[in-house]
Amino acid sequence: MQVNNSTGSKDVFRPKIVAFCCNWCSYAGADLAGTNRLNYPADVKIIRVPCSCRVNPLFVLQAFQRGADGVIICGCHPGDCHYTSGNYYARRRMTLLFSMLDFMGIEKGRTRVEWVSAAEGAKFADTMNDFVSTVTALGENRRLEDLRCRK
Amino acid sequence: MSKQKANALREEILRISNVDPLKCMRCGKCSATCPAYDEMNYHPHEFVYMVERGAVEELLDDTSIYRCLSCFACIDRCPRQVEPAKLIEAVRNTCLRKQGANHFKADMLPGKLDPELPQQAVVSAFRKYAK
Amino acid sequence: MQKVMLERAKALLSDGTVRAVLAWEKGDFAYDTTPAVFNSAERLEKGFVYSPFCGANLSKYLIKETQKEGKILVFLKPCDTYSFNQLVSEHRIKRENVYVVGVECKGMLDIEKIREKGVTSLISASWEGEQVRLVTADGEILADSSELMQERCLCCKSKKHVAYDELLGEEGEVLDSNRFDEVARLEAMSAKERFEFWRGELSRCIRCNACRNVCPACSCEKCIFDNPDSGVQNKAAADPFEENLFHVIRAFHVAGRCTDCGECSRVCPEHIPLHLLNRKFIKDINELYGEFQAGETELPREPLTEYKADDVEPGVVYERGAE
Amino acid sequence: MHRIGVFVCHCGTNIASTVDVKAVAEAAAKEPGVVFSADYQYMCSEAGQNLIKDTIKEKNLTGVVVCSCSPRMHENTFRKAVSAAGLNPYLLEVANIREQCSWIHKDIKDGTEKAIVLTRAAIAKVVLNAPLVAGTSPVTKRALVIGGGIAGIQTALDIADAGFEVDIVEKRPTIGGKMAQLDKTFPTLDCAACILTPKMVEAAQHEKIRILSYSEVCGVKGFVGSFKVKIKRKARFVKEDVCTGCGLCTEKCPMKRVPNEFNLGMDERRAIYIPFAQAVPKVAVIDPDHCNMLKNGKCGVCAKVCSVGAIDYKAQDSFVEEDYGAIVVATGFEPINIDAYDEFAYSQSKDVVTSLEYERLMNAAGPTGGKLLRPSDGKHPHTIVFVQCVGSRESDGSPKCGKSYCSKICCMYTAKHAMLTREKYPDTEVYVFYIDVRTPGKGFDEFYRRAAEQYGVHYVKGMVGKVVPENGVLKVRAFDLIAGEQLQINADMVVLATAIEPDKTARPLATLLTASMDTNDFFTEAHPKLRPVESPTAGIFLSGACQGPKDIPETVAQAGAAAAKVVGLLAKDSIVCNPCVAHSDEKLCNGCSRCERVCPYGAITYVDKEFKMPDRSIKIRRVSQVNEAVCQGCGACTVVCPSGAMDLKGFSTEQLRAEVDAICK
């Protein structure tokens, strides 16, 4: 698994991870992880969305297209959505989308949905550490590699 | 004892015990709860504080380490999960593992013999305490 | 059957019930029938056809036709009626402007399969019980229909019309079809095999958009793949991802709305089994959220605009299937 | 042409220590569209804000990116600054390079690289930002206070005095909460009931206040300014408007052996009861778990003795739905369960009590009529040991489920108990075992010193390790850290200063309100320092111990502060809405109604609209319309829309895709 990657040094593969975080729970959870100085890899870059239900499958596919090695969507725990129902819709959409990506032969480990509340700074950091290590273990997006726009 | 050596000893004990004495908030509940309190010169809370300060030598040379019953009452009741008994055990182990220190010599045996004592215990005592 | 339909169409046209008839028109060959709007008895007389090659689902054309004044007659096969209901539920078809005549369907033929049998110069085809009579320039052949039918018809989900104003021919029933078998076969493969499979299929895509254009669920005023502002506007199949992106997004857009009519695969010039993508969504929906058939009723109900508090977590994906 | 200004904040060393802010500013300067890029010590300071304002004017900026702390912290600050310089406040983006960068990464190279990527993403987004103008939505001029303890009562009184209607929902049959159970209050030693009950009565008689006792909130819909709250009114089996509170039924009821929760089970009440003498509303209530009539239809004594016919055995739980503009949470606290602390023998001896039980034992209305008697044999105790920090200040993940926080009130009430005990019974020896005595408060340390110096309370630094009940004596083994000796005390009573935790109902309530909580189930503030009485969820306010451990003066102060915030909200006729709302492009809309079905607020409606076609014909199409005052901007509709007609202002598809691109570049 010695893969060169533009973001990393010669031997260490550093994956590109896009994390969509809902503004009310998970983004706040990520802030809390910061406030508590809980470390997780810098490979994770967070995009703030109002709610997990704002994440269009298109964004997930586009992230992979542009070179992401993993995409994670974080929202409020089911039942805790700031907008009452958003994460329920997101849950169905992402379940179906991930199942479809799996059906097309893309590694399951590259996509994830996790519910992180505003109080769960530690969970956020743990989740990101775990996700990064899963994606790192999968290595560069070989199977998706030829799915990428590498121009 | 040089400061360097004391420090190395301290690190060794922390490594063996996996105890962080800095977690202690000095409430004394360990010593309050210790059933062997009266037998000891240094008490559980003092172990924690002395290891933190690096005063391990005194602990190594003291009989207190053999007075601890390993009843773990201090571990159970410590509100900060400092686990003093593990620290005492680590000091004890450090003492026992000291190279060349012969804690049990053959001529000490007759005085300690007891007709009820299983032979196996004598053999294992030699194995453990005699170098 | 064709005769009964023709008579009925002419009658409804002449008594003014309908202003026009949406049906199939003869082509140059027996197998290239095309959807057409007939506005006179003469044109009907001349061009109308209903044969085992009338696979086209006419419901999509109603979006445009029902915008016009007056009623239009449409002939719908059982599977077409599901698409019809779905479009009505989405307010795409004005129900009051349609007169639906349900027609029985014994399964549509696949010209490729006929050709593979070595049949040439086909003049016409007709059902005869479980068999098909093929009339060619060289004479007549009686063949087993199951050998010549389109794949989608071999695993037909329903012979029942779920919407109609009147019915011609026999009414059938919802069938216990084995249409998910192929999806299940793929699911049982390793991820790598699936990846290879889809690479092999999708790399043939030429982005002709036939699948989208024929799909009754793909009825957007303006498709995002045609919209320069969407950022994914139609491009040539520049790289493999482009093909996957297009097909996954398309399948996702119709997920929960696709009635599994199979038109996408029928029209694909590269014979890509696109219906398998849609069926994968349908199968997942059935398994995860309960049995659901889009277009079964006119009620606006679909799995992706609903939820249950105890729905499965997305992690279920990782627990299922191989690898 | 875009003219973007990028401002990179050092946040002192908070950012600058792990992010090379100069490098970030330099990298940003190279991005297309960026005409100004600089770093500065504190962007949120006045000077920092002025830098933004001046640069906007000087460089004629069309967009601003501030790389600083979380947008949840200072986005509004910077929006105001941008707005003050004449730029639309929504032409600002914040790149979070503190919470999500400098604070989590130790390596300066990692931190800087990531900060640059985050900055790039913010720049990519800001060039697509559109100026947004916020709409308004009306405010229902009524408030709901959940919880009728001193916090809730005070908040309700303050709001009502300002002229707004308030409902108090209290789950118990009477308001008063924990304070009603206290004997005296520190440091002045006034009687709790004497200062609380007048407030309870005032609340009951206030024309603007309605008390919904024995009720629970079971559903919350809507948003700031217009909440719809469903309240369950539990069946009391006594008509509240008929009962005179004479108490005859509570004397005649044959079910005598029901543990009295007001006295923490140390004495008994009847199945029909009035919680305590000064209860508000002073109305009896039947406990359905113990009433024979309700359980098996045999009895009916209370109905026979009631002269006004207030008893109604057939009563059912009922539900009411009310509109409010603001909701105040005042759910308070409860002592933790100390069953796991077996070393203190709480479950083995009746003479080991919690501090709240001790309050009742000292109280004139308590089970002993105010005489200090041992619960086990009713004898006067001569030696009492107080143990502080029971379950408080434990390490995280404590196996006994202790709390990592300091419960704050124990030092003072223990000093109070010790002092009052010595005052009433000078023949009693009182020991207080403490780890630290914490008395930051007006007159607090003086109070503690008085207990030690004037009242002769023995303060011993150290903990109690074990309590063994033996022949009616509690053998207390403790440690005196200063003398360095283990102590054995034969005590008659042991009082445990039990840690406090949020009320059990707080967590489900937080879910209903979509208000956030910390890991200890205390409600989180919108800002820990600057907005301590507001929840991050707009329109939800926090009063009292539901937000963190508090004593009475602090609770009352916070209750007043919460009331002031509520009044500030209710005084407005309308509030400015979030302008980041959904918007439908009619040209693309299919009219399929999918968005309408997923909208949780009913903000989307459909209309038939005429469109001029290119050939000048008119086409009527069904298209969606968004009610911007109702839309809360979740974006659920944007994803179900197949044609992409529905988009979300401020988080548009184009913007989010630009961010994805910038991050993956």
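Labels A, B, C and D are assigned to the chains in the order they are written; within every chain, residues are numbered from 1.
We take it that a residue touches a chain if its C-beta (ideal position, glycine included) is under 8 Å from a C-beta of that chain, and two chains touch if they have at least 3 such contacts.
In this text, all values refer to a predicted model and were calculated from it rather than measured experimentally.
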Note: of the two pairs B-D and A-C, more contacts are counted for A-C
By mean C-alpha position, what chain is farthest away from subunit A?
B
Give, as an integer number of Å, the spacing between the C-alpha centres of subunit B and subunit A.
49
With centres defined as the mean C-alpha position, give me the subunit A-subunit C separation in Å.
36
For the pair subunit B and subunit C, the C-alpha centroid-to-centroid distance in angstrom is 81
Could you list the positions in subunit A whose residues touch two or more of the other chains?
57-58, 62, 79, 85, 89, 93
Of all residues in subunit D, which are in touch with two or more distinct other chains?
598, 640, 653, 657
Set of subunit C residues in contact with two or more other chains:
304-305
Using the definition of touching given at the top, classify the network of chains in this structure as line, ring, star, complete or other.
other
Per the touch rule above, subunit D residues touching subunit A in the complex are 70-73, 96, 98-101, 103-107, 110-111, 113-114, 117-118, 121, 221, 511, 514, 516-519, 524, 536-537, 580, 598, 600-601, 632-636, 638-640, 648, 651, 653, 656-657, 659-661, 663-665
Provide the residue numbers of subunit A that touch subunit D in the complex, in ascending order.
7, 16, 18, 23-25, 27-28, 30-35, 37-40, 42, 45-51, 53-59, 62-63, 66-68, 76, 79-86, 89, 93, 117-120, 125
Any idea which subunit B residues touch subunit D in the complex?
23, 25-34, 37-38, 43, 45, 73, 76-77, 79-81
In their shared complex, at which residues does subunit C touch subunit D?
67, 90-92, 219-224, 227, 229-231, 253-254, 300, 302, 304-306
Touching subunit A in the complex: which residues of subunit C?
183, 186-187, 191-199, 232, 238-242, 244-245, 248-249, 251-252, 255, 277, 280-281, 284-285, 288-289, 303-305, 307-309, 311-318, 320-321, 323
